[in-house]
Amino acid sequence: MINLALDIGKTAGPEAVLFYFLAPLSVFAGLGMLIVKKAVHSALLLAWIMVSLAIFYIAQDALFLGIVQVVVYTGAVMMLFLFILMLVGVDTSDSFTETIRGLRAIAITAAIGFGGLLVTLIGRATFNRPITGLASVNSNGNANGLAKELFTQYVFAFEVVSALLITAALGAMVLAHSQKTRSPFAQRDLSIARFRKDNLKDAAGLPSSGVYALHNAVDVPALLPTGKAAPTSISAVLEARGDMIESSKFQLQQEEEEK
Amino acid sequence: MNLLTIVGVLPLISALLIAFIPSKNAELIKRAAFAATLVVAIASIFLVTGFDKSVTGMQYVQSNTWIEAFNINFAVGIDGISLVLILLSTILVPIVILATWHESDLGRWSSKSFYILILVLETLMIGVFAATDLFLFYVFFEAMLIPIYFLIGGYGTGNKSAAAVKFLLYSLFGGLLMLASVIGLYVIAGNQIGATFDLTQLATLEIDSNTQNLLFLGFFIAFAIKAPLWPFHTWLPDAAKAATPGTSVLLLGVLDKVGTYGMIRFCIALFPDASKTFTPLIITLAVISIIYGAFMAIGQKDIKGLIAFTSISHFGFITMGIFAMTTQGMSGANLYMVNHGFSTAALFLVAGWMMMRRGSSTIADFGGLQRVTPVMAWTFFIAGMSGLALPGLSSFVSEFLVLVGTYTRYPVAAVIGTLGIVLAALYILIPIQKTLHGPITSGNENLKDLNLREKIAIAPVILIIVVMGFYPKPVLDIINPTAEKVVVNAGFTDPVAKVGK
Amino acid sequence: MQTSANLVWLIALPLFSSAILLLAGKRANSWGHVMATIVSASAFTIGFVEFIAMQSRADENRAVAQKLFTWISVGSFNVDASLLLDQLSICFVLLITGVGTLIHIYSIAYMSHDLDRRRFFAYLNLFIAAMLLLVLGDSYLNLYVGWEGVGLASYLLIGFWNQKPAYATAAKKAFVANRVGDVGLSLAIMIAFATFGDVSFAGIKEHVEHASSTQLTAIGLMLLLAACGKSAQFPLQSWLGDAMAGPTPVSALIHAATMVTAGVYLITRSNFIFDEAPIAQLMVLIVGGITLLFGAIIGTAKDDIKKALAASTMSQIGYMILATGLGPIGYAFAIMHLLTHGFFKASMFLGAGSVMHGMKDEVNMRKYGGIGKFMPITALTFGLGYLAIIGVPPFAGFYSKDKIIETAFNAGGMKGLALGIATLLGAMITAFYMTRVVILTFFGNERWGHKDEPHESPALMLIPIGLLSIGSIASGFILSKGEGLVHWLEPVVNPLKEHHDEFLPPIVVSLMTLTVVAIGILIAVSKYRGDQLAQAPENVSVLTKAARRDLFQDDLNESVFMHPGQTLVRNILNIDYLVLDGLVRAVGSVSLTAGSRLRSLQNGYVRSYALLMIIGALALIAAIWVVTA
Amino acid sequence: MAIANYLYLSAILFTIGAVGVVIRRNAIVVFMCIELMLNAANLAFVTFARINGNLQGQVVAFFTMVVAACEVVVGLAIIVTIYRSRRSISVDDASLLKR
Amino acid sequence: MLIAPSLIYSLIAPILIVLGGALIGVLVEAFLSKAHRAAVQITISIGTLLLALQQLWRIRDLSSTTAAVNSVTIDKAGIFLQATVVVLALVAVLLIADQENFVAQASAVPGSNEEKNSLQEKSQQTEIFPLFLFAVAGMMLFPVASDLITLFVALEVFSLPLYLLAGLSRRRRLLSQESALKYFLLGAYSSAFFLFGAAFLYGYSGTISLSGISAAAGSANNIFLLIGIVFVSVGLLFKIGAVPFHSWTPDVYQGAPTPITGFMAAATKVAAFGALLRIFYVGFAQEQTLWRPLITVIAIITMLFGSLVAIAQRDVKRMLAYSSIAHAGFLLSGVVALSKDGLVASLFYLFAYGLTTIAAFGIITLVRDSSGEVTDLNRWIGIGKKSPLVAGSFAFILLSFAGIPLTSGFIGKFAIFSSAYKSGYISLVVVGVLSSAIAAFFYIRVIIMMFFTDPVNDSVSVVIPSVKSRISIIVATVISIILGLMPSLLLNAATTYANFIK
């Protein structure tokens, strides 16, 4: 830290206060990301870090980036994350029992070593050229300066990024968009199909679950007029998933009489 | 295109032509392959007529740019040492084809692929002996593995795929070590005289001794595996047991010679100082090979394994002769390569016929064959006698030259090596007794003797074995100048007799 | 030196004949034996013509040579295929072709019932060719070819009836034992080349005085080893008894008259080396001495007539070897004994063959008895041979053996005394066991169990025996007359170069010899007079038991070489599989294991992949940390 | 206060993000940790821009935001797909491909 | 005042054309009826790539550091690498065009009725073509990008489509989606590393252009530079699949649709190695003493690890994944060599290896049973009997991977090892040959399974490929063979084009 005497005066003041306040918090937030159970909490912690970083950017004369950071990252990207989290179930939480033996211990050891080495290496670094600061290049405003770089020096990269955007869009479409292969199977079609069956028993439609039963949950079969349970009244999906509770106790005790 | 290139390319072209014959037409394919290889053999004999024995350098030289970027040339040429080995290859191939006419019928694939593989292999064999560009040599050296691999794996018997893999991996391992050395040499050449793979230029490099030793080892281990020298031999018995007799002949008779050939052409020629350093070690390994191979051979219950181990013993002699660094040793070793090629061919081919007739390769399953199949028994006997280097047969001359050449420089090695001849008697006579002598074992009563095709196939081999035993001069005349040159270039002179002339 | 274009035919004729017989197959069955015999006779004729021509020349011009072609020529190692016929070789040429021809004739009848007679004659011719090459080669390497050639022929002939496993084994044993000797010959040649830069007799002889005695001793000992192998001398003698598995003519020709004496030839031929290598010479004496007693002792215990004769051969060759160790004069006596032995031993073997022929191939003498009256001619000729071998004057053996005993005593000092006593003892035992053979075979009661009476052999067999008998009567006298052979051989072996003081007057030695011979005969006669001979006695002395077992030589070989060898082979097989191949397999399995261990890193969890990356990055950072610290 | 403090903060946040990827199982949280790492890098860029006195660092940070946004779209689309097939967003459940 | 930036359109035309083709593809998706989309998309893709190739040929002798202000450097090596990417893409697109390998409707849940319906209707997800073209464009940009921003953007441009494409396999969709997730998460992770490293490079040099970084060498203490090099390397080493950043490779290779795997394995390597070479040769050359040992160690570990683990694989795609890891190790030797020879060797190797790889994966698409591709090696037993030609080609390809002489793989290996040796990195050569020997084992084992083992009664068959696949496989194989026999064709070009301008 002594080696890297990069101070250019003003960092000693408010920026230092800002840094010493926000930096530990973002580190804690980062560590929190590693240990909180719910993904959504992680997302919020990450959002916090990003906002902190935005503030640091602004503090370091990168006003434009600071704003973009908030808008793009915290605004768009994190929203996307949260969307997806919603989609897959916002409540899903990680189990913290490590299934891969020894992985976590090794990982943490490696990480401590990694971070430690990195930090000491940075500590050893020195510069032998003057620290210029951004005052001069930002004289026309940070956004202007950035724009100038972007549209002259790095215009090609900028253009190529469009390819990336298109790829992203195309990719999302490929994976998410399902082309309708046929017109949806509407009620009319279903009805026709029922009547075309060999057996007209179900022509009037299947009984709904829970009807006349002692319980009206979807996983309890309906009772037919005869008092018999109608297994067809339960969604095949539930059956397939095995998401059914034992429902016989809710049915009328009619088996013996039938005999 | 000079004659050498033509001889080398002919089999490949024939292979391409044969590829167009429908596979059903097996008999035609066989005949075509035989005819092609016969033409190659005859053409290769013309190589001798145009060969100037008084010249020690390369002849029939041809060089075309192949890979410009690395200055790699398609450079071929032959001197005495390579000429005789090329002759060995070209003469053996038609004999093998004729002798093992039905070998391909039982394979996993068609006869067509068998003969295409054989022909491709012949091109590679000629190439490997003719290459004067190190890279080209390496390419042939490694590429040769592939057809043999498929020949063993596709047409062999027993645990063939395991054996094929062992063979291939072992050889590849050696080859890759050699590749490291080839690269090293190439880079050193690049630093000293400009990148080149030309052998004569590479020989002029001045390499410090540590590097030289390492590069030498890279080459040597590759060749020792190929040869095979103890303790790098363990792939050979498996491969020989799994391969068909014809393949084994090519494997032991020709391919393994690339190892010993390489020692002469590369190890000694390129790294004379390192050769000097390692000679004691190598001579030791060679002596161990001689004795060890012999003991192993004595203990074999399988004919093919037996022949394989005899070869290990013989390769020990060859290696010993090479590294004795005397003209007798060198010439003898070179002659030994040729002689061993023919005598192993005879042994394996006859053993192959025996095994084919009996349906077994276990020595104990034979017995009394001399009564049942006298001609076959005789050929086996003569081949065996050649294997134990009976004076009057070809191997004796070379074996004795090797021993004499070695004795003048390394008497102890030669003395131990000489003990090998007693063991040779055991490992040849025991199986001869078990297979040819004694009462006729049940199951052998109705074995058929050699048919005309087989007789015609084996006759030239026997003839060569006998004639070369009494009159090796034509071959020695070809070999001698080159062998002497190798020894001189390596910085050795023959030890002078203590008294007398 | 004179050249002659005829020499090659000596070898070529039988060689080609042999090849023709082998290649022609069954077609030659009807005429093969005739051709083989004619060829052999022709060779004898050529030899005889050369002999006559040689005699007509002066001593120093007698040798003739013929260069055929350059055989091996590499650097300074030059060996021509050339032949040398000198006074020494001509003795052998005549013996080989002469006895050979007789045995060919004999075999025509003896083998007439054998389906493979043609093959037998092919082998015989092959043997003749190889043996002639052995004695005609002008260099050690040429000799070596013949040396192994006769070994091969011997192998083939011992194993002629190789469908019997024991016979095949005997053949193999002979070959292997010979090979041990061949190692000696090989090494001798190598040392010679390293020393002299030459392997021809003439070349070495020329420079021999410049060589150090160490080198010469080494060469000499190696040559002795070679001689031991070929001539069945101690300790390589064990094959000879088993070699009797071959047809009897073979035993007569190869294992009595000619091949087994090649060792004597070799040492005699190498006289210039042995003369300069006293240690080697001493070893020759020791080997010869041991073997002559060894063979004789074994001979006393054998009931197999052929084995008894074989033991006798061994013993007699021991005499010859001993003689060659006695220095210049000894060579001549060795050769003389060799020649006379050739006659009488061949005749006795053929006689034994004749007996077997008449006895349905029975070889056990205890099943003989009183055959003399059924086979008088055989008995007569055998008896002549008997007298010759035990050294009764004026039969051939007397002249040659007596000289050897005499020279042995003359060797001087303790050495002379020891050798003399050994030779005398040998003579006594010889008399004993030969008398035993004769008594058991031709005298006493008839002990064969079958009704068929033995019958005399056909003329074709008897004529050669008769001719050989004449040799066994006369050859000793002829050869020693006026020291004829000694002078004849002088240019080769310089027998008169030095002269020892006489230890005892010759006549005393002769009388002593005759005395011990008589003692031997008497013991034998008294011991084998009785009727209880049909069974070999069971409770016999340790010595007899030992003798019956060839003085434990086979047991020794088995326990010292064979069993350890077999164990060694087994162990090497195991080592090869477990250690060497095991290493190769281990490389494979280690790679496989490493592969599958490392494979478990890929556990499918993306988090652990990320961890791996962190660790990788950490390692890189740590490297920097270290570097910049 | 030294400007280097921002670098330390950046390094620490980066490390936290990196280790979060390893120890969290929820794919979305994992992904958020990656975003944290990108943010840490951005902070370093902005800080270095200040040190170096040019705006290139800020430009990179800007690009990073855009790229990250695209990445988020693609990534979340993939995660949703997986969720729809498997009803789980635990990265540990997606471990059929192994060995 | 803004001064209008100057873009030399003629030099960046190849990239722009491909981007344009992708955009047209997107429009086609939007406006053309489903029935015609596939054919049109294929035509557009091939046409675009051919046009790009033609444009590359046109600019083959041009060069500029300011092709797009300071973001893109067009130079010889860059053009060569771009051309390699385009050629590989051309070969791969024909495989991709074989719709049999791709999901009918990606949004349909695996196993649902919706999926069945869309399969029955033979609907196609034709968006793969524009995605593919975007990836190609990114890969073309990556090796010529000369500042860190462009590098990062290009990295993402080619990565994002690949993440998506990896999840679009028709069969075993769960695995495919899993591979997409893994690829994506780890890819993003590595991007973060890359970016973090880029920040430190910027901090060190005050600039984000490679030449600026190079010029700043020695101006300050190099800790930031080192941190930067390390983290940027992590990002790039991840893309090339070097150990220990390789873990995604086998899983993604296995799960992704096989044509995509082929394309990814071949072209990603070219792009990533192109960038790696440029960064290290241009940006970090001054600091070579610092990074060469590190990369050497990684190269060694990578070669050995890839070869060893491949031995234990039972799935052909996974095996090739590990093989590609090993090859990444070999290729890193070319980076370490840091010489013209190293560059030549790398260029040759990348081209030859890429083609062979696509051919290999192309052949894998042909081995099927009733439920799709069969990648289990045990079920490849005996296909040499069923279809000798296909099995023969595959065997040839494996031998080429193994580096047997007379194949392009051998020349590549020779070139790259000799360059490493020349630069004094003999250890790389030794380890390289050793791991080649290990690697040979599993290549050969596949050959044994195909040829030397008797087929069990199995429904696996080798399908007759569609014309497009056939062309692709044949072209790739034939060029591989030609490159093995006459490597000069490509080597001379590589020599001519092995030049980075700074």
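Lettered A, B, C, D and E in written order, each chain numbered from 1.
Everything that follows uses one rule, which is that a residue touches a chain if its C-beta (ideal position, glycine included) is under 8 Å from a C-beta of that chain, and two chains touch if they have at least 3 such contacts.
Since this is a predicted model, take the numbers as computed values, not measurements.
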item	value
Set of chains adjacent to chain C and to chain D	A, E
Interchain contact steps from chain A to chain E (minimum; 1 if touching)	1
Chain at maximum distance from chain E, centres defined as averaged CA atoms	C
Per Cα centroids, the chain farthest from chain D	C
Interface with more contacting C-beta pairs, comparing A-C to C-E	C-E
Centre-to-centre distance between chain B and chain A (centres being mean Cα positions), rounded to whole Å	71
Chain B-chain C separation of Cα centroids, rounded to whole Å	37
Chain B and chain E: spacing of chain centres that average the CA atoms, whole Å	44
Mean-CA-position distance for chain D and chain A (Å)	13
Chain E: positions in contact with at least two other chains	106-107, 149, 153, 156, 160, 163-164, 167, 181-182, 185, 189, 193, 206, 223, 226-227, 250-251, 441
Chain C, residues touching no fewer than two other chains	588, 599, 602-608, 610-611, 614-615, 617, 621, 624, 628
Numbers and ranges of chain A residues touching at least 2 other chains	100, 103, 107, 110-111, 114, 118, 121-122, 124-125, 127, 153-154, 157, 161, 164, 167-168, 171, 174-176
Chain pairs that touch, as defined at the top of this document	A-C, A-D, A-E, B-C, B-E, C-D, C-E, D-E
Contacting residues of chain A [partner chain C, same complex]	100, 103, 106-107, 110-111, 113-114, 117-118, 120-121, 124
In the complex, chain C residues that touch chain B	22, 25, 69-77, 81, 141, 144-145, 147-149, 152, 159, 162-165, 168-169, 171-172, 175-176, 179-180, 182-183, 186-187, 189-191, 193-198, 203-204, 206-207, 210-212, 215, 565, 568-570, 572-573, 576, 580-581, 584, 588
Contacting residues of chain D [partner chain A, same complex]	1-9, 11-20, 22-26, 28-29, 31-33, 35-36, 39, 42-43, 46-47, 49-56, 58-59, 61-63, 65-74, 76-81, 83, 89-90, 92
Contact footprint of chain E on chain C as seen in their complex	588, 591-592, 594-596, 598-599, 601-602, 604, 606, 608-610, 612-613, 615-617, 619-621, 623-624, 627-628
Touching residues on chain A, where the partner in the complex is chain D	1, 4-8, 11-12, 15-16, 19-20, 23, 26-27, 30-31, 33-34, 39, 42-43, 46, 49-50, 53, 56-57, 60-62, 64-65, 68-69, 72-73, 76-77, 80-81, 84-85, 87-88, 92, 94-95, 98-100, 103-104, 107-108, 110-111, 114-115, 118-119, 122-123, 125, 127, 131-134, 136-138, 142, 145-146, 149-150, 153-154, 157-158, 161, 164-165, 167-169, 171-172, 174-176
